[in-house]
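Here chain A shows up in two complexes: once beside chain B, once beside chain C.
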Partner chain A sequence: MSGASLLELREVSRRYVGREGPLGLRRTAVQAVQGISLGLGAGQTLGLVGESGCGKSTLGRLAVALERPDGGEVRYRGAPLWPDLPSAFRREVQMVFQDPYSSLNPRLSIGRIVREGLDVHGIGDAASRRERVAEVLGLVGLPPGHAARYPHEFSGGQRQRVAIARCLALEPKLIVCDEPVSALDVSIQAQIVNLLRDLQERMGLAYLFISHDLSVVGAICDAVAVMYLGRLMELAPRGQLFKEPLHPYTQTLLSAVPVPDPARARQRIRLAGEPPSPYAPPAGCPFHPRCPRAFAPCPGEFPAWREAAPGRFVSCHLY
Partner chain B sequence: MSLSPHALLARFLPRHGLLLAGAGIVAGMSLLALLAPLLAPYSPTAINAEALLQAPSWAHPLGTDALGRDVLSRMLYGARVSLWVGFVAVGLSVTIGLALGLMAGYAGGLTDEIVMRGVDVILCFPSFFLILAVIAFLEPSLLNIMIVIGLTSWMGVARLVRAETLSLRSRDFVLAARVAGAGPLRILTLHVLPNAAAPVLVSATLGVAGAILVESSLSFLGLGVQPPMPSWGNILMEGKDVLEIAPWLSFFPGLAILLTVLGYNLLGESLRDVLDPRIGR
Partner chain C sequence: MEASVLSLRGLTTVFDLPGGPATAVDGVDLDLQAGETVALVGESGSGKTMAALSCLGLTPPPGRVAGGSILFKGRELAGLAEEEYRRIRGRHLSMIFQEPMTALNPVFTVGEQIAEGLRLHLGLSPREAMERAAGLLAEVGIPNPARRAASYPHELSGGMRQRVIIAMALACGPDAVLADEPTTALDVTIQAEILDLLGRLQDERGMAVLLITHDLGVVAQSARRAAVMYAGRVVERGAVDDLFREPLHPYTRGLLTSLPRLDAPGARLTPIAGAVPDIAALPSGCHFHPRCPHAFARCRAEVPPAFGDARRGARCWLLAPGSAA
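The block that comes next holds the complex of A and B.
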């Protein structure tokens, strides 16, 4: 991606260890994210797609330093996040969550919720904070007078606007959006996506946009990264990825996107079997047991991450 | 939307009758205790050698005891002791339980393990006998009783608060606060505590009933509030020796304890029912 990186992930891995069985003696581990390298420049939008449980939310949490990677490194403006966060990180990097019903504290007014970051960082005095709250509520299309109301008085779409306003209050440079529209009605989804795009233009925001919905990703992202079972499969500019996907997994995903044209015949690639358990991922390329184009080297080793064409990265033995 | 007060009551009463009954008993008892100096016809410690063990009459509505003291007056002052013990002991136990529960639930790991195993160990002691043993060593004053009851009853609150904290700390609004840079103290006081308050309130209400019962039991055994200061427990104790000739001496304090404990339990249980569907308010 672009040279001047805002956020950079280098060979990042995260595994979760659980204890099971009598006395918790048996250990089970899930490799949620494995060896992922990504970069995101200022003002850009990187989409992150993959099916449920592929580790995309974990990657989002690693990006906002809610989780610490146990391998590799996350850097913000060139400075590593661990062990000590860069000083501006908690102001400049914010997050929008999937479920707007659980991401707003039911006991606090909207104004209080939006103001929290300003309170935490001691930005401005009481009057200027009130002004700022009114300003960002206006930016997300809510009447500033609603600041005294409580979350339960709002609909899902409005709540998501409040969550976005909370991020904006701190004038962030990067917002990690973890499935920001998948809990909303389709008509509301478009409004929120348009709002995010509009805000990006006005404020020069960068987004890490996590979704399992390719049409939403197609509407907002500059580049798209595809994940499967904790691994990065492909990374490409949006247009190229949608027109000519390289990785067989990406091809399969794209063939499943509904086309709003009944006359156009679709060739859908159907996969056999179930997605493998993340507790026991297949050896080699994790996709090989279901891959229509798997061949000899696939079960043996994971294919290296390489640039197949300018700006296009892929992990597949075919390239 | 605009219902008359009467219609509101008609809608509220059938569903929350028990809540109202509990709140009524608790409010009534508290009022009687507060107004004891105004309501009591005699001094609670005034001995009257001319009126020993008198049955209830107009002069002494609840009769007199073996020293000729007016039972109604003693009961009213005894209510102050009971409620005072209930509130102070519960205040202490909720404070300790909240602090340890929040700490264990939020910090997790080793802190959690140490605090909760400590709770398990303390729960192994039969608390009433622990209190008896401690009071036997200390002077059995009102203050000591309140403190000892408080110190031996916080474990339930700690467990409750820990469980709530554990589930709240992974909620998205807590994560959002962390992303905005909020520290543990701010998260606990602003995001966790207000959302865990309802079950704590319920448990505290039930705790008052428990503390009143423990104080009465201690006083009945002579290790609680010391004569001549009246408490329902020691009135009851004095009554047991003359049960056959003066049953009112045992009957009225017993009834008062029963009613008060019932009131707090009704209030606590119905508060639980009202507050339980947590988010839908």
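The block that comes next holds the complex of A and C.
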């Protein structure tokens, strides 16, 4: 994923410190994201997958500058996000959250919610803002008349359309979608996935699409990055990742997805043990205690990020 | 045909809401035989969970079982007194709940929670019950079971908690288990392990499992037969192979075309238009008609009966003898 990068993460790390134990005397730290480098070009979709606690949401928050990295840097159109955000960043980079029931203010009408970004950025006058709101509601398939309604009047899928309209109002270049369809029923999930694809085609949007659901990621992403316990394990174009995953963790993850086809009995890779705690990740490659192919160097050091084949990157001592 | 362990006929559960009664479960017929897994599939609000709770006499108020029959090993459970229900629930018929965080009591050790049912139903002494609880933890694949029995729920991972819940449901050797989205809250690799575990325990114990899920992938991999629910009604039933290969109901077909598939990444999805209706304001006739691409006049006017037989069929006017389709 080289070329003209819209968003670039270089060796990005983020650690959270908390307190635990009696009286909160014991300090605990979680390395949520460690040394991750990724790039995303204009108009592309990069999927970020991994199981709960792998750091994918933290990475999303770092990408939209809701979090500041404590190692490495994030760049937007070549300019670092910190200490001062590049101009237009807050307008051009938007986010869609997982839960459409908590991401919309229940006391504001849909019109106000969608208009708020225009107000904040001082774009247009009252009339042109109203026009823009109607326009983006139309883009996401909601009648403009719905602008006067409130979030509770809408179903989960419609709310997610509102959240997308709120992003679109500002003509973004990049939308970070954090599990945007996970709370929705399958029949509605497909509507939103199709909507995101159509909008991308029409407006040249780039997506950073975070999901635990590999099938959904496959439906929308050009390339997929796989995370495990704060580390990036593999990055590959979609087709290659699904057809021939390189990293044993990716292989395991793919083999665990139940395929909706009773005729296909699956050969599942069985993992040993429990997923380790992010508070005490194993040394070396964090996957090694459960990896069916672990060998001598794995507990020793984290494998370097290397290009195993053209366009295919992996962190694994096997390659 | 073998006798059913659990047999529902016309099960109807109604919620008495301020705006009038709302039907959450509408005339559901279902048979569950010893040793088999039947999937009850549906989206949120389809009534699948409420059907299971109704079987257990756990319908939350203002809901109530308003009609139909719940035959469990030949005994009628509909209208059973709470006291009688308690002797059956957890002993002969048990439930696995979805949310491993909330289904366990945070102030008791997991061993105590498993032992509770053993003491109440089987009259074991506290010590025998704790020993048996540790044995059950071993059976569901928890390492160090004797030590783990003394753990509190918050000390366990989500996957471990779900194993504890399964151990609780199986403790007294039930004839049938109703598993409500047993893996939905879990990561895929853990989900795979839990489904394996359920399958293995079922084989070993010969119990019947009603697997309630929204995930067609889970259905395809875990069940032989399935019933698809929509807005309170079973709209299609059949062997899982037939259901996936040749769905009869447009809703089932829509669910299948909505699914993104790993074996065809990037393929355009064909969603179902519209949204699931509110059970307090259900469409007339076939509840699916406003979203159905094939709906015609009759669909709006009349409720389709179940065409076919108890093993394979669907509630759709397209299947009526003499229908144009």
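Rule of thumb we're sticking to: the second predicted complex is superposed on the first by the 314 of 319 C-alpha atoms of A that agree within 3 Å, B and C clash if a C-alpha of one lies under 4 Å from a C-alpha of the other, contacts with A are read in each partner's own complex, and residues count from 1 in each chain.
We take it that a residue touches a chain if its C-beta (ideal position, glycine included) is under 8 Å from a C-beta of that chain, and two chains touch if they have at least 3 such contacts.
Predicted model only: the values in this text are computed from it and were never measured.
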Superposition on chain A - do chain B and chain C clash or fit: fit
Chain A-centred angle between chain C and chain B, computed on Cα centres after superposition, in steps of 10 °: 80
Which superposed partner A:48 touches (first chain B, second chain C, both, neither): neither
Touched partner set for A:66, first chain B, second chain C, both or neither: first
Touched partner set for A:134, first chain B, second chain C, both or neither: neither
Contacts of A:116 with chain B and chain C, given as first, second, both or neither: first
Contacts of A:94 with chain B and chain C, given as first, second, both or neither: first
Dominant contact partner of chain A by residue count, chain C or chain B: C
Overlay on shared chain A, then closest C-alpha pair between chain B and chain C (Å): 8
Common interface residues of chain A - those touching chain B in one complex and chain C in the other: none
Contacting residues of chain B [partner chain A, same complex]: 171-173, 175-183, 186, 190-191, 194-195, 279-281
In the complex, chain A residues that touch chain C: 51-52, 155, 157-158, 185-191, 193-194, 197, 212, 214-216, 218-219, 238-239, 242, 252-254, 256-264, 266, 268, 270-271, 274-275
Chain B contact footprint on chain A (complex, rising order): 64, 66, 90-91, 93-95, 97-99, 101-108, 113, 116-117, 120-121, 152, 163, 166, 170
Residues of chain C defined as touching chain A within the complex: 43-44, 157-160, 187-193, 195, 214-222, 240-241, 244-245, 254-263, 265-273, 275-276
